[in-house]
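A quick write-up on the structure given underneath.
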Amino acid sequence: MKPREPSPIDRAALTADYLRVRAASEAICAPLETEDYQVQSILETSPPKWHLAHVSWFFETFVLKPYAPGYRPFHPLFERIFNSYYESVGPFHPRADRHVLARPTVAEVYRYRHAVDAAMRELLATCPESDWSTAAARTTLGLHHEAQHQELLHMDIKANFAACPLQPAYRERPEPERSGAAPALRWIERPGGVVEMGYSGDGFAFDNEMPRHRMLLEAHRLASRLVTNGEYLEFIEAGGYRDPRWWLSDGWAAIKSRGWSAPLYWAQGDRGWSEMTLAGPHALDPALPVAHVSFYEADAYARFRGVRLPREAELEAVLDNLPVAGNFAETGRLHPDRARDDTDGQWYGDLWEWTQSPYTPYPGFRPAPGALGEYNGKFMANQLVLRGGACVTPRWHMRPSYRNFFYPHDRWPFTGVRLAGDAA
Amino acid sequence: MKPREPSPIDRAALTADYLRVRAASEAICAPLETEDYQVQSILETSPPKWHLAHVSWFFETFVLKPYAPGYRPFHPLFERIFNSYYESVGPFHPRADRHVLARPTVAEVYRYRHAVDAAMRELLATCPESDWSTAAARTTLGLHHEAQHQELLHMDIKANFAACPLQPAYRERPEPERSGAAPALRWIERPGGVVEMGYSGDGFAFDNEMPRHRMLLEAHRLASRLVTNGEYLEFIEAGGYRDPRWWLSDGWAAIKSRGWSAPLYWAQGDRGWSEMTLAGPHALDPALPVAHVSFYEADAYARFRGVRLPREAELEAVLDNLPVAGNFAETGRLHPDRARDDTDGQWYGDLWEWTQSPYTPYPGFRPAPGALGEYNGKFMANQLVLRGGACVTPRWHMRPSYRNFFYPHDRWPFTGVRLAGDAA
Amino acid sequence: MKPREPSPIDRAALTADYLRVRAASEAICAPLETEDYQVQSILETSPPKWHLAHVSWFFETFVLKPYAPGYRPFHPLFERIFNSYYESVGPFHPRADRHVLARPTVAEVYRYRHAVDAAMRELLATCPESDWSTAAARTTLGLHHEAQHQELLHMDIKANFAACPLQPAYRERPEPERSGAAPALRWIERPGGVVEMGYSGDGFAFDNEMPRHRMLLEAHRLASRLVTNGEYLEFIEAGGYRDPRWWLSDGWAAIKSRGWSAPLYWAQGDRGWSEMTLAGPHALDPALPVAHVSFYEADAYARFRGVRLPREAELEAVLDNLPVAGNFAETGRLHPDRARDDTDGQWYGDLWEWTQSPYTPYPGFRPAPGALGEYNGKFMANQLVLRGGACVTPRWHMRPSYRNFFYPHDRWPFTGVRLAGDAA
Amino acid sequence: MKPREPSPIDRAALTADYLRVRAASEAICAPLETEDYQVQSILETSPPKWHLAHVSWFFETFVLKPYAPGYRPFHPLFERIFNSYYESVGPFHPRADRHVLARPTVAEVYRYRHAVDAAMRELLATCPESDWSTAAARTTLGLHHEAQHQELLHMDIKANFAACPLQPAYRERPEPERSGAAPALRWIERPGGVVEMGYSGDGFAFDNEMPRHRMLLEAHRLASRLVTNGEYLEFIEAGGYRDPRWWLSDGWAAIKSRGWSAPLYWAQGDRGWSEMTLAGPHALDPALPVAHVSFYEADAYARFRGVRLPREAELEAVLDNLPVAGNFAETGRLHPDRARDDTDGQWYGDLWEWTQSPYTPYPGFRPAPGALGEYNGKFMANQLVLRGGACVTPRWHMRPSYRNFFYPHDRWPFTGVRLAGDAA
């Protein structure tokens, strides 16, 4: 989230971006009932209403308050209740209790959004040149921040709808674009050597992607596509969840204490396995990628197959040489799709790929100064890096160097598994 | 909740009662925003929407399904999600997760209510005589059940609004009817001897109020009114919450682990103590009765004053000889009021009075047969009896023999304290 | 524990009592290895070493410090680490962490005991008459206190030995005194009316047994003996632990969350059910009384049989007219025995009988002044009364009016079940 | 713990090693009272008795059972109760309940040890050549395993003694070897480039140290000695534990929920800060290295100083070029010492140095086959690497490539802090 100051940012272009991104958040929520905005079904999620307000709070706090002269906060308590975790900004409402915030209502939150939007348009138009580069950089950061919450909205809505016994559908099921079995899994041999990784361009990147630095890789190989539901089902049917051999010690403890025996949204009924999707429950399609597994499950599956998960540098080396294209949020599918053919590596989009790499600072990493330094840096413990984006990630928000991160037990993100191995 | 079969029940009168009670529940919710219907701020509460649906489920399950020929349940899953705790009826949605039920929406719940209402009106008009006495008794039980949930709605709405940092007001503050200090506390001497307690009439009563039986009381005395905020404040200011001498061992553990140092809705600010009410936060009025204390706090306060809490039989002996009148829900105040004068004993209404009597079965108690036997009997452990009703209790629902019960740590009910003592 | 001042206490007799009781505690521990003294297998228990020290601390704190001129405490930290729960005395070591007290060693604890004994002998011999009645009353209280800890030692040693996978035997198994089936269960009809209960003599009694007061009982009936293992097994085999109909709501929650499906020390193996005893594991004898059940299980069993548990006054009315005799600790069996014959009511000894009576103060109850007032009074919440004593209770310590009390989920005491019912 | 098969191992030499290491464990326990052997003061620790038995179980399970013909296990239940975490071997006694194992007694555990020793001597003398290389490799592994438990014994004894209010001394305080202030902290500039790390010799190493592989380092700098108590005190006095700026998000949550405001064994009294040591409590010496801090505290301290913690490769590159010498267990001090002079880098011994490197597999890592594969590999999640050994580590057990690992909240190991930074 490094508010970098690249080539001069065009005011009109940034304003257009701003309006487009803000509108997209509201479009995501358009299918929701008022009640749906209020739910926090598991601790990790936030009510959709809260997301909509928090991203506005971000602009208010980091752009409007410092740069819009005379800006008056929309409500004196919003600083506290829509602050997510910025200790430097001040005390905040407990994360676990966001669902008790009946007020402000959904309508008030939309009024808040629109008041912030009006002030932002004004600021983008009138901000003096002396402030422009910082204000523009922070606005850009705010848009990428909002993109992250757009993905969270999809994740959280899915979790909420799945937690409701009525299992409602958030949207119609998209027509299947492809059908049939997944292409056979091939191994792609990759050379070792010193590679560069991390962001170095003059566009936007988060601080945690920098600095670009060298990294030494050993020769290795990567699977040609994501692991499928059908392949993962073999692991389940072979007793994978009952056999400690495949599991990290913490993973074994996790599946025992949480009672896990399949991916998050799977259910076994009279007619076999089904999977909850944003279009409601559907019969499990063995050709689709397995989704919503924890790192522990991804790692156990890899061990079951005698291989391992990729390192983040191994994936970045591939991503660096590919166009940013794939099954992203813009396709509107909001579900991972089968690999199209033998050449479809599913490197971008579909599902975030668990790596075996803990989320740690790159050599020379410096968090941004001030409260924005809390954006990424303070989470560099106990989490794992995921790469490549998912079907709920906006494509414009993606880069080869993008580092996502979650705790090893997290299953509500759109996570998937790519196998890797050492060179033969 | 014994579905007793008293003097023949008039169909028209019961239908009128039904419509009146059902309308009252909806009137309670009229001031709510859709978002307010969804909140479960603490484990003990339920979302208002859930209350509205559950009381309809009660009629559907215990009246319509058995007695309305061809009745088709409104929704196949409602049996599970709106069952509160009737194990005999089948498995039910976890109590702690009622807030995740975004669906059915509020509008659907109202449709559910109205479908049940239509079927109930039909049944009350056309039920054959052979079924009438049971159907009428169960309908009557359903209305008293709904009255209990009307009180819970007020309790839960208050808890939810207080949990929201914006601390909204559920309603306008009623004009103060009286003012000035509370009348001085007097001791009323009460004789010992064998008394009768429990319900024996031919109207409605819950099974836990029966059978009427004899009880031996020692001579004792009762305070002439409820303990006031001002009196309770003396306890706080004397260090009452820091002095283990006044506390039951479990009470001391409770206030330490929960961090309690004042009644539930009190807050200390720059301008002194305030109290959250259904009309929002207001400066603490020392003449009003202290409310929302746990049994542990009520008991500690009594010890601090060198006396004790009443026994339930001691209170029933008084209530038995008084008209059922006082500051009940019908006054619309929804807050306890100061004792009017020296003759105003506050025996009925204002606040439920903690007794020192554990909630146990009366000699000869028999729970109703079948699932309705779960209504009261299975809760006869670990709870205390409270007597007299509160400002959120419908007056028509009250009787001298009425036994309410809560856990000793519960503070979200409208509880208060009356002192008692042994005869001098 | 009211330190009452009855007929003048003879110094020589009290000294002899003192030495006898103190020796008995050490005799209980004689079979223990040093390691056994250190274990606290469940939260409710204490290491045997701690018991031995705590009872000495009691004499030191309540007799020696106030009445032995110039008495110097054995160790400055013992006041803190061997105080059980007397807030008035000062802060104390957390109950759950008594097992971490490696020091003082067992040998030092015995030195502590013997130093206290020497000082007590001196005091009992030389105490001036002006102090005698109080010092003697407190010494008597201390002996009854030690008797309670002798019972706790047996309970805790059993829990500790059962928790060890080696399941050692604390002692040899006593020769069976009787054999064969239990006598048939008969119902004894008992009249209603006003009875007196509570202690009124001039010997020792705890404060919670007083004052003697009148109580009105309805006609009822009591089972002629305790429920047997064989009878309880029928409950288990009829699916009793899987059927919510029999259970209090809190009881059902308890057995689900704790995974209970049989009494505490039962185990089902290849050769049927066995039971852990102080003589190690043995095949379950269907004629012996069922032991180590919680109140919830006792209550559910009674409901399964269509009856109920006794009230404490119902039991005291019987006990009041019987000699204090039965299978107490003095028999050395340390296990409940089968009813000898049709006349053997098992009213005293064998097992503490759960009543349905919550542990509450008698009318007119006053706790002792000062720290000793914490002995009983502050526990009068959330517990149930048990009556009659058990096979690990010293007989000399028992009275008809004796009230024992435990939480409804407690199973490590020597608890049993007597059925009761309302008059036919 | 890779049971590698290096140059032929000499039987006599291995037998001598075996006897020396086994004797050392018993010597560590020599000062203990029987009671001390039984204590498990915090969840992470084990009773010393359990350690002594478990290391014997290791030889029994992995050497004697497979290689000693006709070996009969000492006790059928020991397989279960002294198995630490080897799922492949079978079910095991819960870790948190090791303190309830009163039996076997300490004396029996010593008999167990000596029976295992006798069988091992026999095996080492008579094992056929065909088995020798594996049996010898596993024996060697067992000795390094025992060395790890010797360190754990010191850690656990310290935790246990500190948890006891009497705060006993495990041993006399060693005469101070040096005195005065610590030498000034200097920065040592270190070049970047490709380095090799990991074990490659033909002696013993654990599987997690292999394979030796290349690693690319950026230029960096390392502090010339460990952080001292005096320096750390400046952090505390500057409000470090109250300022979220310095803390990882998970670290801030940890210090809040655990109530930490100083290193584990520090206490503030009337006469200033003191520190619990294995020689009892002593006044805090500002020149000694700060010990018993969590990763979170080490990391926060580094941020407070504007620098960072080292990477494990950065430390290994230094260690690789130094003799394995320092304040190890053999010095008998059992406490970190001040840096002797400007040339004393404290690289080896004194305290394990937290690195910022998560504990992950090296490229090409393969766990040992069978149950021994559980030794290290399954813990490669959620932990951090520490380097260099401590004053309670046997020197013979150390290597430059040695990777120790703990959870970021662990404080009971002998941990310390070395600062690092990027090249200027």
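By written order: A, B, C and D. Residues from 1 in each chain.
FYI, a contact is a pair of C-beta atoms (placed from the backbone, for glycine too) under 8 Å apart; a residue touches a chain by one contact, two chains touch by 3 or more.
Fair warning: this is a prediction, and the values are worked out from it, not measured in the lab.
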Centre-to-centre distance between subunit D and subunit C (centres being mean Cα positions), rounded to whole Å: 46
Gap in Å, rounded to a whole number, between the CA centres of subunit D and subunit A: 38
Inter-centroid spacing, subunit D versus subunit B (mean Cα positions, whole Å): 59
Subunit D residues counted as touching two or more neighbouring chains: none
Category of the chain touch graph - line, ring, star, complete, other: ring
Touching pairs among all chains present in the structure: A-B, A-D, B-C, C-D
Residue numbers on subunit D that touch subunit A, as the complex places them: 85, 87-88, 194, 213-216, 218, 220, 244-245, 247-252, 295-296, 299, 308, 356-358, 360-361, 363-364, 378-382, 408, 422
Residue ranges of subunit C in contact with subunit D within the complex: 33-41, 49, 77, 80-81, 93, 97, 99-106, 160-161, 163-166, 168
